[in-house]
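Pasting a structure here, questions to come.
Note that the chains are named A, B, C, D and E in the order they appear, and that numbering of residues resets to 1 at the start of each chain.
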Amino acid sequence: MIDIAFNHRQGAFSLDVRMQLPGNGVTGLFGTSGAGKSTVADVIAGLIRPDGGRIAIGERVQFDSARGVAVAPERRRIGYVFQEARLFPHMNVRTNLRFGARRRGGAGPGAFDQVVGLLGLEPLLDRRTRHLSGGEAQRVAIGRALLSDPELLIMDEPLSSLDQQRRDDVLPHLEHLAADTGIPMIYITHSIEEIIRLADHLAVMANGAVIACGPIQDVMARPDVPVLNDRRDAGTLLQTTVAGHFDEDHLSALRFGEHTLLVPRTERPKGSPLALRILARDVSLALEPPQRSSVMNVLPGRVQGIHPRGDGHVDVSIDTGQIIRARITRRSADDLSLRAGLHLYALVKSVAFAERDAFRRHAEGDH
Amino acid sequence: VPVPLTQGGPAAGPVAGEEILVFAAASTGAALEDVAAAYAAAGGGRVRFSLAATSALARQVESGAPADLFLSANALWMDRLEDVGLLAAGSRSYLFRNQLVLVAPQDTELEPVTVDAKLDLEAMLGDGRLAIAEPVAVPAGIYARQALESLGIWERLQARTAPASDVRHAALLVRRHEVPLGIIYWTDARATPGLRVLGTFSSELHDPVAYWVAQLADAPAPAAAAAFRAFLQSDTARTIFSRHGFAPPPDAYSR
Amino acid sequence: MPTPAETEALLLSLRVAVWSVLGSLPPAIAIAWLLARTRFPGHALLNGLLHLPLVVPPVVIGYLLLVFLGRRGPGGVFLENVFGITLGFTWQGAAVASAIVAFPLMLRAIRQSIEAVDRRLEQAARTLGASSANAFCTVTLPLIVPGVFAGMVLSFARSLGEFGATITFVSSIPGETRTLPLALYAATQVPGGEPQATRLVIISVALAMIALVGSEWLARRTRHYASGGP
Amino acid sequence: MIDIAFNHRQGAFSLDVRMQLPGNGVTGLFGTSGAGKSTVADVIAGLIRPDGGRIAIGERVQFDSARGVAVAPERRRIGYVFQEARLFPHMNVRTNLRFGARRRGGAGPGAFDQVVGLLGLEPLLDRRTRHLSGGEAQRVAIGRALLSDPELLIMDEPLSSLDQQRRDDVLPHLEHLAADTGIPMIYITHSIEEIIRLADHLAVMANGAVIACGPIQDVMARPDVPVLNDRRDAGTLLQTTVAGHFDEDHLSALRFGEHTLLVPRTERPKGSPLALRILARDVSLALEPPQRSSVMNVLPGRVQGIHPRGDGHVDVSIDTGQIIRARITRRSADDLSLRAGLHLYALVKSVAFAERDAFRRHAEGDH
Amino acid sequence: MPTPAETEALLLSLRVAVWSVLGSLPPAIAIAWLLARTRFPGHALLNGLLHLPLVVPPVVIGYLLLVFLGRRGPGGVFLENVFGITLGFTWQGAAVASAIVAFPLMLRAIRQSIEAVDRRLEQAARTLGASSANAFCTVTLPLIVPGVFAGMVLSFARSLGEFGATITFVSSIPGETRTLPLALYAATQVPGGEPQATRLVIISVALAMIALVGSEWLARRTRHYASGGP
């Protein structure tokens, strides 16, 4: 359990932050530019001493203004990937990577090679850091924090300067890191995709305060968090089990309840649980199952609720055993005479899942 | 007063082997080096000289400098050391003296003059200044001031002086034509190229320009020191000194 | 070709300057860090005091050294009895005099370069497990190498030229404390010493130019290195 | 016409860049991290002097190693928004903004207020730049370049540190800027969305060389540019005309050829041209038109080509008058027995267009 | 209370030091920029030469000034004929001597701070239409204000303590060129001058401390300002 409660004033900006995060898994910290996310990270890492409050990670109290406790940053064992890479300009990439590892006695040679391979740092190892491109530098910074054997990892928009390909390379490692090592992670980002992909828990900040905090499904479902609901990538998470693979077609079958879904081939073995993200925008509705169509996933269900949105769209919640959300035009909703309780079919293209962030493992800490 | 000795008896001639350190006014350095060479040639030991301003050396002696002999360019500092008992009793002697002269640059248009009450230095200076050593602190300056006071022109000339850091500096100012005239020691005037001596100040006009030598009470090598001190007063040394322009002490002080 | 006496003065000057620089380096770095990275009451006062050797004429510094660290001075007696070190009239004393006179220069240069280092790098080091001192040694210190060099060169050059404090504190003993500037002084004090003085000036200048140009070259290499050249 | 041809070596990395860009409109410069994009920008701006080559913007030769020409950066009139904001730390935001305006005599008070309003800089104007958050700083940097009255604007990932909301605020202004002022713009980004939204022209870089350069439709359609085709947001652009609006439904109708598409309400007046982006992943195929379904856009057409992809998907090009691409699973393709010439229906949800970057104006320079 | 002679020396020292600092500031900034931002043949040599005043004992500098800027020196003749300026035996000459002795200190400090300024900011300024010189004045210069201050303070302090070059070049004329260190020198030359010397040292130190502490305070304010405080 990570317990954060502090207030702090810097210049004209004041923060009053209160949140409890689980002691494992990934917590996304989401908010607009200038909301105070980086400041929160600095406070947790011990780089900013807040005006007052208490910060505890598990049993360890890192800061408590009432009791005069303020653990030094180097003794907090918090890996911190900064918004700017902050590489040491007098060391080459290898020495930067080893900096934390050497001090924390963590990460053996195996770990080093693994991180280097994963982040594609091999060709950079003997380079000086100054002329690395923005993306290269950030990859090194991520590697450096990963290798410092932290008990909590804070990442402040670590991928914002990476291209899609590198992002896709790095993300799985971040996932594994959180799940396999049990190291809790606070992941600051502007990207809901990254949040969805990585986070179990979500905290949303605005104007120096936490306006929502909780398990990701709960927070994402809250109608009072504008920053999440205005997004076109709103959607729901389905808990499924891998039912089998069709190797020749590059497809896998997932089961949930009575239903089978065909999705692009996943690596997860048969029988393993898989969380699947379905974007509301990808779901069509039909009163009859389609004939001779390329759409392979047809899920019968009934309308649970209809949520009109301001822009001529409605979000329809379909109960198929688990809730799926469909975003369609109001005109379609009218044409189909949708109403609560109506039986219908939710249609989802398999290709809609061909996004690497559509799948999530079930981590221990999952809700 | 017996000379305190820690080893050996009073030395009659050069003593070989032991090296001594002599604190000497910087202006006597060249002459002393020559004397030391002669001393060595006569079988004496090595002599090293620490050359600095008399004032600096005197203070160092006061703070326990490991010197054997002290050669002062004026009496004031020697008196002071004597007063506080830092000199070996009876070891102080008048070594040689110097003389003040009025100098101008080599190519001056001024004629040689007799330095007496009729001397019109102001006219000779024109709109230039008179280079002297610092007239309150530096011995050569003090003597020059005394001389001008004796001539009754100090009051008027004071504002026209260019007080230099020492005699060498005063000589430099003249040589570089910064000033038309300067008052310096004869030893400097005779050996500095580019200067012409216009007149000589009689020694009655000021305190004697006396150079004193004394052995220090705490001399690390008293025997060798005594030997060299004796050699300094030998005829060999006197010849060398006069070659460098230093005059022998008045008869009253001669051995 | 330099005469034996000149060579002696040259080597002595070098020895004095090198020891003066090396000896003042650790305290300069420590105090520079203190002044650059911490705030405490008396900060400005300490800073002011440390600049005094610049303001007070060297002769006065030499005199104060004579009084405090001379053979009869309290500090001198202490050093003599406790460590068996004699500063009065030894080349070590000359090194101390030079070091004190040059100290503000070294301090300023190092302090300025510490202030130029991005503190966020030290922060990053600390999150990686480095203590404040360790972060300073492994991150800040390498980054200020050019500044430290600058400070060392300034201080070396100043030491080579030091005259007033040295002659006042340790006299001008050939082979022991008569460095180049002191030999130069001795030469200027005797009539006809000008050629000798000129030779000594040339030797001083040559030595200094070698040191300065060499250090510039070295500094460029280090700067290059510290800022990430290949 | 912007004519860029140079070679340059820095450290172990060497560039050999050759490209011709139109003298108006926006050219996207796309490429992986470390491809050399920022270096190209520096060379064009005159901050790096290449080993050899020639760079001309319109009539003005900015650099020509053969003739010994190298115009100073300040005389090139190139506005440059850097990857890092590079704000002047000793000036407040207002003075930063005015820096270029004052020197270039451009941008009157009206322009100033307009830019400030657009970028939401009003509350920051009197702030010092040091403690601006990453996003705030970058907005100021964009404003500063906009106000310097440039003849060519180079933006090096200007939005990568902005959140979605700010991005959406800023993007339209960038569009207008390029179109209304006729200032050509080189826009470096990792985001294909931003490219699609802004760029008329596209240059793709890899390993220090330009591997593709031309009008955006052409380049995006090229099968030999992996960096574009591996993306899940691959798609095509349709040239349409606004046929009418249905205000009560928040829908607009677009025509192209015989077809009508219903899309979320657009601001463009009836009769105006509109380029519409359709992602391959959003298109389903059916051999019969669907009945009683929420899908409103059903476009009859015939299969023009089938392009298998490595991942069990196929991209199907449908000729509906203009080409639409559909990405479906191979199994679906087999089930439907797709073959060239087959008549079928392409189905697209209206909601699929509810993305702000689905629409592009026709700018003069459009192809 | 200082005696009238002491007050005279104090005010003169102040005047000389202030003019020495102000006069050397523009060339120091220009040359610091040259050394920090450009590379040319003879770069290291120029840098070396500019450090010589540090290495060469001040008396030698005074001597060289006398040779070049004295009445019969080529520079002195030029200044006299063209501008009607006489440096010999004037406080202006003392200011020149101080300025030259202190120049390397000012130069180093400014150069070091120029090198610490991120060139990418100058690049940004240039893309915004600022010429190289304009970018320097509007971006670099404000950012190096703390370094310039540091240089001015160093050079001011060094000027206050300057003795050898001054007395050699312009003598020790009361009210015209006898600054505090020169008055101090006179006091130390006679037995029993210690109380007088002590008074003068105290005056020098007090003056310097005021300047140093004040400048530190000012520098902190400026640094704060330059680095973006409110």
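We adopt the following convention: contacts are C-beta pairs under 8 Å (C-beta built on N, C-alpha and C of every residue); 3 or more make two chains touch, one makes a residue touch a chain.
Everything numeric here is computed off the predicted structure, so don't read it as measured data.
Student: If you take the chains that touch chain B and keep only those that also touch chain D, what is left?
Tutor: A chain counts here if it touches both chain B and chain D, which gives E.
Student: What chain is the most remote from chain A, judged by the mean position of CA atoms in each chain?
Tutor: With centres defined by C-alpha atoms, farthest from chain A sits B.
Student: State, to the nearest whole Å, the distance from the C-alpha centre of chain A to the C-alpha centre of chain D.
Tutor: 27
Student: In whole angstrom, how far does the Cα centroid of chain A sit from the Cα centroid of chain C?
Tutor: Computed value for the inter-centroid distance: 57 Å.
Student: Nearest whole angstrom, what separates the Cα centre of chain B from the Cα centre of chain C?
Tutor: Chain centroid spacing, chain B to chain C, equals 35 Å.
Student: Got the chain B residues that touch at least 2 other chains?
Tutor: none
Student: Would you give the residues of chain C that are in contact with at least 2 other chains, written as numbers and ranges?
Tutor: Within chain C, residues 59, 63, 185, 188, 230 contact more than one other chain.
Student: Would you give the residues of chain D that are in contact with at least 2 other chains, written as numbers and ranges?
Tutor: Residues 11, 84, 131.
Student: Give the pairs of chains that touch; include all such pairs.
Tutor: A-C, A-D, B-C, B-E, C-E, D-E
Student: Would you tell me which residues of chain C are touching chain B in their complex?
Tutor: Chain C reaches chain B through residues 59, 62-63, 66-67, 70-73, 88-89, 167-168, 171-175, 177-178, 185-186, 188-193.
Student: Under the definition above, what is the set of chain E residues touching chain C in their complex?
Tutor: The touching residues are 43-45, 47-49, 51-52, 54-60, 104-105, 108-109, 112-113, 115-116, 146-147, 150, 153-154, 157-158, 160-164, 181, 184-185, 188, 197, 201, 204-205, 207-209, 212-213, 216-217, 223.
Student: Show which residues of chain A lie in contact with chain C when the two form their complex.
Tutor: 45-47, 72-74, 76-80, 82, 84, 86, 88-91, 99-100, 103-104, 128-131, 144-145, 148
Student: How about chain B: which of its residues touch chain C in the complex?
Tutor: 21, 23, 26-27, 29-30, 48-52, 56-57, 59-60, 63-67, 166, 168, 171, 187-188, 190-193
Student: Enumerate the contact residues on chain C facing chain A in the complex.
Tutor: Against chain A, chain C makes touches at 118, 120-121, 123-132, 134-135, 138-139, 142-143, 225-230.
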